């Protein structure tokens, strides 16, 4: 099958699913709805694999012209290259798994068909985002995923007590994303101004040919792009929406807010690598923003008690890690971590979803514990995920993190030190989460305990698949020091198949350093594991109640008060301004001003009326007066003339 | 000439027919006379004055005579209802109106100051009588007194102006005066002051500031029937006389008096419209609005070569007559604006006529009032742009006045009792409405 | 234009007189309260104009102005009759010919 | 010819239709007008012009592709307004039907007239029926708010009248083509004043920032149908006048003089309207300020007077008509069903009226100009144009993305979500549903294929001006 047709099918399938479910889904049986939605995504995944296998070089597929002016033409055209195909694989692959999971998870929800409609729409927009061959299509998908994320976060808007809160969380996400979108918009305008095109390849070629475009313009463009990335990928300062986004159903958190959408920022940066390479300044900014994000997010995750909140902050922290890699210009490394992170974070979220499902919508880990016996499959897979993200040796997370650490150590030891801190914290909060949830005594009360049950196959199957991936995902990009032959397969794959990346070379450390690095990392992970085991499993320590928290714990539990700070800094002033302008300026000043003017003019009538005294003699007097005025006018005229 | 003769004769007949206590008869005679005069003017428009051997100074525009006759016809039709019942005055009413119409026609386009003065008096004296025609009412008497004294005072002023002009140029023939002024005499103080006194007289006749004082009181005291005639025909005749005599004779001193005229325009419009805002009596409101419209009419002097006056005065007259007829339909002597609440609903014809008339006065296209204002300003704007700007601002205030009246009339009444309109009133309203829309074809 | 005149030298005097008469009439009209007196004042103004007209007519020695004077007199007479009848009617209503009593219509 | 006169004829007929059939008649009349124009546009070659001459001295008509676009928009809007109020009392009123059709005639005149005076006449003609509609069917407790609307617009119009007279005197021309080629720049400062006169009228109508004070009050107190007519099509007259008449004719000194002042006002309006809208408690008022914000953007972009921007502006004009009809319809439905528009009293409608919630949501997203909708294309390119003019203006304009999200989502979520305060809420009936569906389809079609519209209008927008 021709590549372009395959590509169009990949994009079209989710759209078809969306259309059918949206139009007639209400009438169809649930299994059919879910089956259809899952099927189309899985079919897309299979097609993507064919693309992947037959991939060589870059290919552009032009669909139609959106706008065709003489100065400016914008096409709905798509690009097949290593990067886009890889992203497609992740999106469709993990997407289909999560669809499958949702069939079980959402089975009791009345908005079943709506949910799958939105999910398919999301997959479609996400595919547009990664497959588009120019920034406009990318922007198209970019906005689209924002909209879907809003719809899915506020999916339970009818919920009696949490309905409004859910929709507000959705709104927060949408608005923060919009702030980022402004950055992307401005970047697009500047690119249009510079190159008069939005096609990735044309821009890249133009940059290759003339090197005059370095410096100022590039810094502005890349900075705006990075603002957009911070919006989507929840980096400082725009990260606060992601934890709130956990209001959405758990599969949504897994798909959108862990595996795919939030990595759009990284995708954008990798895609625009040829721009960032010309703006080292921006790369430093990215580095430090990513560093701060990963550190602070990890810190905030330490004392969260909502199972999904912990995972959310860990997501933010991991994304920060990826941006650190980007800051070093190690694009393939970042993307490698995107991949493994997609595996284990999706696994963790789905696992937590399974837990929540089994616990009947209970999300507080203080009410959990000892679930290992109650839901063994979930427990096992969740443990794997935890070990993967904490960097237990030879699991996927271990390798991808290690790459980033290596880059850090090579470029800047200080950054490396901070990263070590962040990684340690990651391990700490992840194991805390694991032990509090699955080990020790059940704290949810007997009534609940009797009801807790292991989830059905449709939910556990994805878990198992993802567990396998999280274990062996590291094989994609083995470090060079063992397995010489297959080492760095992923790096080669990307850097040879993606425009611009071939120019970029990751740093490679010498044997001893790399070895030491790995050993140190493993030591940290395992050490933390043992410590956590002793603390939570043996001593049976549990999470404190909120009021018992002190000092740094309070700080962590309250997320460093960032939300409060934003409220006082931005939200409240805006509302106050709106009130002021709306009530004072608009109504008091302008509208009543107009009224006052009109009244002022018309009320002079009270004076002018007095002129009409009603006395004939005064009339005659005024007539004579008028004559005198006329004569005076005559004299005046004469004096003017002469 | 023929029209004047026809009017005079039919006026006499009407006067005597009045004694036969057959109101309809005198109405028929009067209308016949008016229509006949209109046709005569249409077929034999230009005439030479019997009082002089000179050719007419301004070529007589039959259209003006037709307009005057038509407006008068509408006025008497509208006013007829008032005199149907007290038949002792019917004859006087028709007779006097026709006589003063003769004066109006004479005055509108004379070729001789003497003729003009006589026309003026023939126009005015019957109206003095008409204003005070119902002996019973004290307001009517007061109005008559005020109108008479101010009027004759104004005549004296005009006469003084004429005398000075004669002193300066040694002739009453407009054509001679003009030619004498043209050779530079217009700069002599006597000529200038004479022209100003004449201007004052005209200003009085059309009722613009500062010679407007008679307007509100007299309109208020007079009956609707007389008001209809007085507020339209007198103004039309006056303003045409102003254009044809003043504008033409003193065209050489244009730059001497135009500023004064502009001043009068602005003051009259603002004063008229603003003062109208606070009026509680309909007739006074109409009086002040007519002061403002008089100010607008003065724009005709801005361009002495073509003063596109016709559409404007026609639209003004029609709208005013329509309004007064509606006011008459209320049939309440206290003449309080509160009575206007919801009258638009009491008869469909009243509703339509009111909306059209008021929007026409406010100058909203596609009604006659707009085209009138447009054609007037069309020729005026290039000469007096700033005056035009001020005038338009003033007419926004005017729109306030008219729209407030409209909103009052359109208010939905709780109980809608239908007013009975007499046939001729319906005719008048229908004609005015049709005319105010039909003006489209002049543009 | 300066025609041969018999009174050319004393023209100003006649004019002055008529101006004076006109002004007196006007001031009287403004100040006096009695309607009859008012009427007389206005007649005075008209006659002042007549005097002026006659003066000019002699000055230019052509007859138009004198004809005009007759018309003026006729008009004055007509005004007087109408005016007097109006005054009488007014008197019937308000039982007064004091002009200041007549201010019901105002503003 | 019938294209223009049809509504007039219908509006005269409407007075004599028995009141039982008035709503059907109105639907029929607007429907016929729309079908007629659609058929006409099928036979219409975009390159050419249709000239219509009734033999009047000052008024002639010529329809080009832009004119046809506006004709279609007008007729469609009137049909939709009728549909959307079809179950309401208002459309069953003879007066409303007649006046609405008269207004339609006036609008068609504005969009098709070929002479500058004709433009003014029809411009004013539309004012008359809307004024009566507002007075009869609006909820104006005091007449002053209504008078304010009328006289504000009248003041602007009179300024335009002066400008029209001055222009005709200065150029001795009155037809569009003749004025295009006339050498306006020779007039120097006079041309600046003349253009100022036009701009004042437009600024009041659009409305631009300091002249908007009539808008919120009028929108709020007008009947829903009246608000729709005002915002969906009447305000477009000003943009159309800017696009078709003023900018091409005054191209040169005057435009250069006025460009930045107007852009500034427009952008102030964008931010100002958005910020004020954030805290409005009355849904209709909120949408009124939103409209101030949206139109400010279009006006500012138009002042750049660049062909492609103009074409996109037409897309955005159509889009705004769609959005405003939809949003005001939603507000009207809420008011009609619950008798209140106060956000504080509204909550949880979505639970009791899912279909309404869905379609209202769709319209909300359309007005947020998400992808696949016309607004996405429109806003993108308008802001781009402003950005190219100057980075700062582009940035200010782009804030509308964020602020728009803030107030629009609030307007949607507060009434729709949360605990349900109302036991019963009669869901959409067929006519309202149809309107929402049509609007959404139109917006999405334009969003996917704006090219069809831009190419169509290109023929009359990309003509060479002197």
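Note that the chains are named A, B, C and D in the order they appear, and that numbering of residues resets to 1 at the start of each chain.
Basically, contacts are C-beta pairs under 8 Å (C-beta built on N, C-alpha and C of every residue); 3 or more make two chains touch, one makes a residue touch a chain.
Computed from a prediction, not measured in an experiment: that's the story for all the values here.
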Other chains in touch with both chain A and chain C: B
Which of A-D and A-B has more C-beta contact pairs: A-D
Geometric centre distance via CA averages, chain B-chain A, whole Å: 78
Between chain D and chain C, distance of the C-alpha-averaged centres to the nearest whole Å: 66
Whole-Å gap between the CA centroids of chain A and chain D: 37
Centre-of-Cα separation between chain D and chain B, whole angstrom: 43
Where chain C touches two or more other chains at once, by residue number: 26, 29, 38, 99, 102-107
Per-residue overlap in chain A, given as positions that touch at least 2 other chains: 598, 609, 612, 614, 616, 620
Residue numbers of chain B (touch at least two other chains): 145-146, 149, 153, 216-217, 400
Touching residues on chain A, where the partner in the complex is chain D: 65-69, 71-72, 125, 136, 139-141, 143-144, 146-147, 154, 157-158, 160-161, 163-164, 166-168, 171, 174-175, 178-179, 181-182, 185-186, 188-189, 192-193, 574-575, 577-579, 581-582, 586, 590-591, 593-595, 598
Residues of chain A defined as touching chain C within the complex: 609-610, 612-617, 620-621, 624
Of chain D, residues touching chain B in the complex: 56-59, 117, 120-122, 124-125, 127-128, 132, 135-136, 143, 146-147, 150-151, 154-155, 158-159, 161-162, 165-166, 169
Residues of chain B touching chain C in the complex: 114, 117-118, 121, 125, 128-129, 132, 135-139, 141-146, 148-149, 152-153, 155-156, 159-160, 162-164, 166-167, 169-172, 180, 185, 216-217, 220-221, 284
Residues of chain C defined as touching chain B within the complex: 1, 3, 15, 22, 25-26, 29, 35, 38-39, 42, 45-46, 48-49, 52-53, 56, 59-60, 62, 64-65, 67-68, 71-72, 75, 78-79, 82-83, 86-87, 89-90, 92-94, 99, 102-107
